[in-house]
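Structures for review follow.
Two complexes are shown next, each including chain A; its partner changes from chain B in the first to chain C in the second.
Up next is the complex of A and B:
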């Protein structure tokens, strides 16, 4: 009876309890999920951050993790691993200086323009200065390591894999998608065939390309012999080996671009195209002025997803060339893996963290500078 | 009505229950009873009874025991373990599971399994030079007493070098040798009359035969085949070349570090010369030599595509296998080529060989055969169950015993090379395996020459030697071969990398360990 009375009374204890339970219900339901995310995602990040600031050592009866501050990062950026990670820096050629000057001028112009805007903010200015500094460093690194006498480290090699790979994959994927939207015989068959490389495990792709690039025993051996190149192997050359890795990566991931762009092309508005045809527009004009703007939002998202994924390339260079010749084809992830394999867990975690920072920075810059403009334009 | 229905249901249920019960059956049993009959009989003469005892089969000592052994992805090394595992099971009951990982993962896989207490593996077949990193923390079982109480292993028959270097640490035995390893040179006896004595001669012969058709298939072949793949088993070869230029005063001089300062000996004219030679051999090798592991160069040699090669003892036995070899009785082995100039450690310059600088020179040539790797050996996880440890030891002992070992070392695909004195002395087994007496004498002679050399170079066995060699040395040399860095940059990179590790682990401790290993008996 008392309980019933308490419930009837809005100021009663049971009523307050009920209200409290109502308020807390959301938290109660969401906390398990939050804990799972924390446990599986955030805690490992924190632990690996600590690992990157320490040195792992086996001692009697177990192991010891000794805090060493930023020593692992210093080793990569200034110490014995600098040439491996950043590369060998050479004096830029005149062309290199020109590229540096153009990029610096462009960045400076952007900063000045922002500083003159009425809507500027201190945070925005600091962020842009930081971005410009990192971008300048990246271009400087590219120019210096790719100049004569220089050698790209794993950082630059990874950037080359990502940007060259994505540009080629996008262009090929778009071309194939446009082709298969045409009323050509066998287009359904080719839609399936073009998807096959994406279905194969990356290790399988690597082995296929390892066989294909073997000029001594591979299927192209007769062609090489006929060309008088029987005693030459293109994967013995650093740039030849990097090209082999990129060709394998492009072969595998072009289908991903293809299938998404195909869906975008098939989903575009037909009325606009028909109107353009009536107005006498040719195919190129239709593609450039109508089709491309319509698929641009999808394209930018596609490139972002692929870019984040491409930074983590490891299987192809590991199986195809084992990171060689030398360290020519080693990506950041492969370097981290090799360091981990050598029980340099701190160094491995430091590489992984630098990769994380780079991917985050490039991803955010891409979203802020390009994708938002495309969205605004759309 | 309901009562009748209820009664019927009860009756039906009882019937069902009874039907489910086992039906008693009449079983006829033959009962045999032993009846003791006591009957006193007057004894007139003593009768000697002959009692015939038919022994019942003894229970297998390790019935139900499983032993997990970790080694590297073969087929060599893993092959004999896998092949002889079932035989051992039939004898003892213990089941042998051989787990394989790539060579580049083996060191850390063993260490992490032991250090983290995972203990997924009971035994390991690994490089004995790594044992220091497993023994000091107490991960490996001390096998000294077991070996002392195991006459079947015939311990004294194992050549002293392998007993000491591959099995013993600070006077205690921790591993059982299953293999004996030395780097040697191989040449085609049908093409080359006299094997090269110096590295210059090696290069000259390689240049002479490079591009010629050596196996009659119409395609140009190679003057020299040396595995140079990074992250594989190739990083010992540069030391095989450098040794003759760096070490000339006997084994205790060492070829890796200065024995006074622990400074690396890989940044001077001697190592520069070795790098130049190593790089030049690439000109006379297969086009993708930088991506070839030892398995690849072995198959190239046995398919008749190479005039010269460097390898452990494996090519010698693979060459006699008619299923894979076209160079049977066309394969000769020789001690690693030497140098006529050696390092003056005070100046870092090369000086000509004379009686002082090269006291062990033969005809003015300083040979320094490199005991690369030492030979695959089996160690036991100290944390395994006692019965499993017994079974693991019994298996390694079984593999090492002459009955098995003497056969395995003559089979190329095992990857096992001779390491018992009897295997060197008894050449009949080699002839039975398919070698001609001349080939057997040549092959075993080359190993014996290396083993008996007073200037033999011992492999590195100080703490974390894997980091010095498999990480720093391997990376720098492979970058140099790929043209990514210059010769000077390569030497500096090795020097800096080795110094960094030495500083990290403690110079005094590393120096003491290095000096200790150079006192290894031979």
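Up next is the complex of A and C:
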């Protein structure tokens, strides 16, 4: 009797346990990751929000944190730091006005179209109006600071880094990934070589590019001299310096796009392509209507991740140009870093929080408008 | 005419025509040159004496200048060797551990997010945030953190049972995923002080554990997002078949989904590994002597006398060698055909 129960019981318990484990599977999969991220993220988020609303000061025997409300934000947006943060605004040229008008008309049209839709909701409408307002503010800022007589601030410079960088990196990475999926002898060599830049520590990359861009001691001196730029210094030309930063960024981060797209291309199902080939589709048609849709979900994720990372660009401008000439190559994170080094912790946190707001806004708009359409079919 | 045509004819699905091949090689070669030249310059610089660097560009060791091993000696066996070896070991341990953990936890979460429906209730989340804010305010006002934590926890449970149940609105998987990735949006500069204080309280400053936890948390969102997309491309039919055969969720995940997502797993692992390997700012704050990692040693070569290019080059080079070895070893797993075979079989 007892022996029987002993045999039966563990079995029953084991069965119940595995059933319970099966029911809890969803939780088991997600909670560890959520807890780890929660543990390290919520605390910094709240503390730096508090710091951004206060002023940090050393006093005798310690430090003092004084609550100042929105003063740090006001300083950046309207006060003494405005030209540094937003830039020097100029009246737009006729071309600038044209761009503004086109963007405004486009936004207005999409708003009206949404308002006429059957499925509209008040929340959706408010969200869209807000998005349109922020977007047009961004375009207005871009046009004004890039016009003659204007000077882009750290915000605009960061936006330029991010968007130019991502477009070039994505196209280069995709091209290289497509080329190395072909059965070429030696493609493994290229695959490994193309990964190399990503593996160097960002600080290291910044120093490498400082060596390379040196017009006097760098390896390209003969080229500069031939172009009559022998004594030219990057640090004196805003767009030259920005280009140097962007080239460094592209050099370093194209491999990231490359490796993820390569994995996506290698993972796509070959049968569809074979079937299309049998049906007589040409190479371009296959790429456009079979390959691209398959790698689009990964691409949108890739662009989102790169965008979030690119907004935090700091090492390259810091080491390469030290933010100069003036503040021409300074990114938002570098500005936060510099004010943080000079112990303006409140100002630094305010910049960080504005960056967070902006990236969250752009990220959410991106996810809602683009990603949900291509990736989740919504 | 026919010979001409053959030049442009693709030989098979993945084998281009001779002309296409030549074009491909030209483009690949160009980019390889762009990638390799800065590395070549690093290598050359590591064999230069300070005077060779400062006199202007010299390209070929042995022709333009006399190569010297002084920087290599200084870093590997000389004065700095102790300051190189310990960070090296730290970097290896921290990067490998945090990347592996991030891959395991992140892959599991990504799988959960693609195959389950989560409905976190808005009320519960708001209660949680409220209690947490109260606890933090209490601690800043001087209450001991253990008591604040317990009180906040009790309060949270009470609120959850009463008010939290009233709010039935809930979020979905997409919101969880976006919340995860949004944790990477705050620049490290803003995160560094609170994290420093946190680890100070936990007495984990200047330990590898602190770095591993930090890198794990900062890399998890990337793993989740990348793997989520790979899982979405894996046909669900396979899993349904296995479920009918009586396999448990965990077994399906481990025996079917993970092998199918191998190319993505390898690519993601490489990326998080590199990320942890190279992280600079957080390491600068969380480690001082014992747990220091290599990027700090590289940056430290920018001394008061200006950047010591020769030492820096050596350090960067010895830093990338293991990662390259890893990339070569793992590259073949990003291989074609896994998925196709599985569906046919």
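By our rule, the second predicted complex is superposed on the first by the 334 of 378 C-alpha atoms of A that agree within 3 Å, B and C clash if a C-alpha of one lies under 4 Å from a C-alpha of the other, contacts with A are read in each partner's own complex, and residues count from 1 in each chain.
Just so it is clear, contacts are C-beta pairs under 8 Å (C-beta built on N, C-alpha and C of every residue); 3 or more make two chains touch, one makes a residue touch a chain.
Computed from a prediction, not measured in an experiment: that's the story for all the values here.
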item: Chain B versus chain C as contact partner of A:34, first or second or both or neither; value: second
item: First, second, both or neither for A:151, with chain B first and chain C second; value: first
item: Which superposed partner A:324 touches (first chain B, second chain C, both, neither); value: first
item: First (chain B), second (chain C), both or neither touched by A:58; value: first
item: Partner chain(s) touched by A:82 [first = chain B, second = chain C, both, neither]; value: neither
item: Which superposed partner A:216 touches (first chain B, second chain C, both, neither); value: both
item: Which superposed partner A:343 touches (first chain B, second chain C, both, neither); value: first
item: First (chain B), second (chain C), both or neither touched by A:180; value: second
item: Partner chain(s) touched by A:356 [first = chain B, second = chain C, both, neither]; value: second
item: Broader residue contact with chain A after superposition on the shared chain, chain B or chain C; value: C
item: Set intersection of chain A contacts, chain C complex versus chain B complex; value: 216
item: List of chain A residues in touch with chain C within their complex; value: 18, 21-22, 25-26, 28-30, 32-34, 36-37, 39-48, 51, 172, 175-176, 179-184, 188, 190-204, 207-212, 216-222, 251, 256, 259-260, 262-264, 266-271, 273-274, 277, 283, 294, 297-298, 301-302, 304-305, 308-309, 311-312, 314-315, 319, 332-333, 336-337, 340, 345, 348-349, 352-353, 355-356, 359-360, 363-364, 367, 372, 375-376
item: Residues of chain C touching chain A in the complex; value: 10, 12-16, 21, 24-25, 27-28, 31-32, 34-39, 41-42, 45, 53-57, 59, 105-106, 108-109, 111-113, 116, 118, 132-133, 136, 174, 176, 178, 180-191, 193-195, 197-198, 213-214, 216-218, 220-222, 224-226, 228-230, 232-233, 248-250, 253, 263-264, 266-268, 270-271, 274, 277-278, 280-281, 294-295, 298-299, 302, 307, 309, 312, 315-316, 319-320, 323-324, 327-328, 331-332, 334-340, 343
item: List of chain A residues in touch with chain B within their complex; value: 55, 58-63, 79-80, 83-84, 88, 151, 214-216, 225, 230-233, 235-238, 321-328, 338, 341-344
item: Of all residues in chain B, those that touch chain A in their complex; value: 104-105, 107-108, 111-112, 115-117, 133, 136-138, 211, 219-220, 229-232, 286-291, 466-467, 470-471, 475, 478-485, 489, 493, 496-497, 500, 504
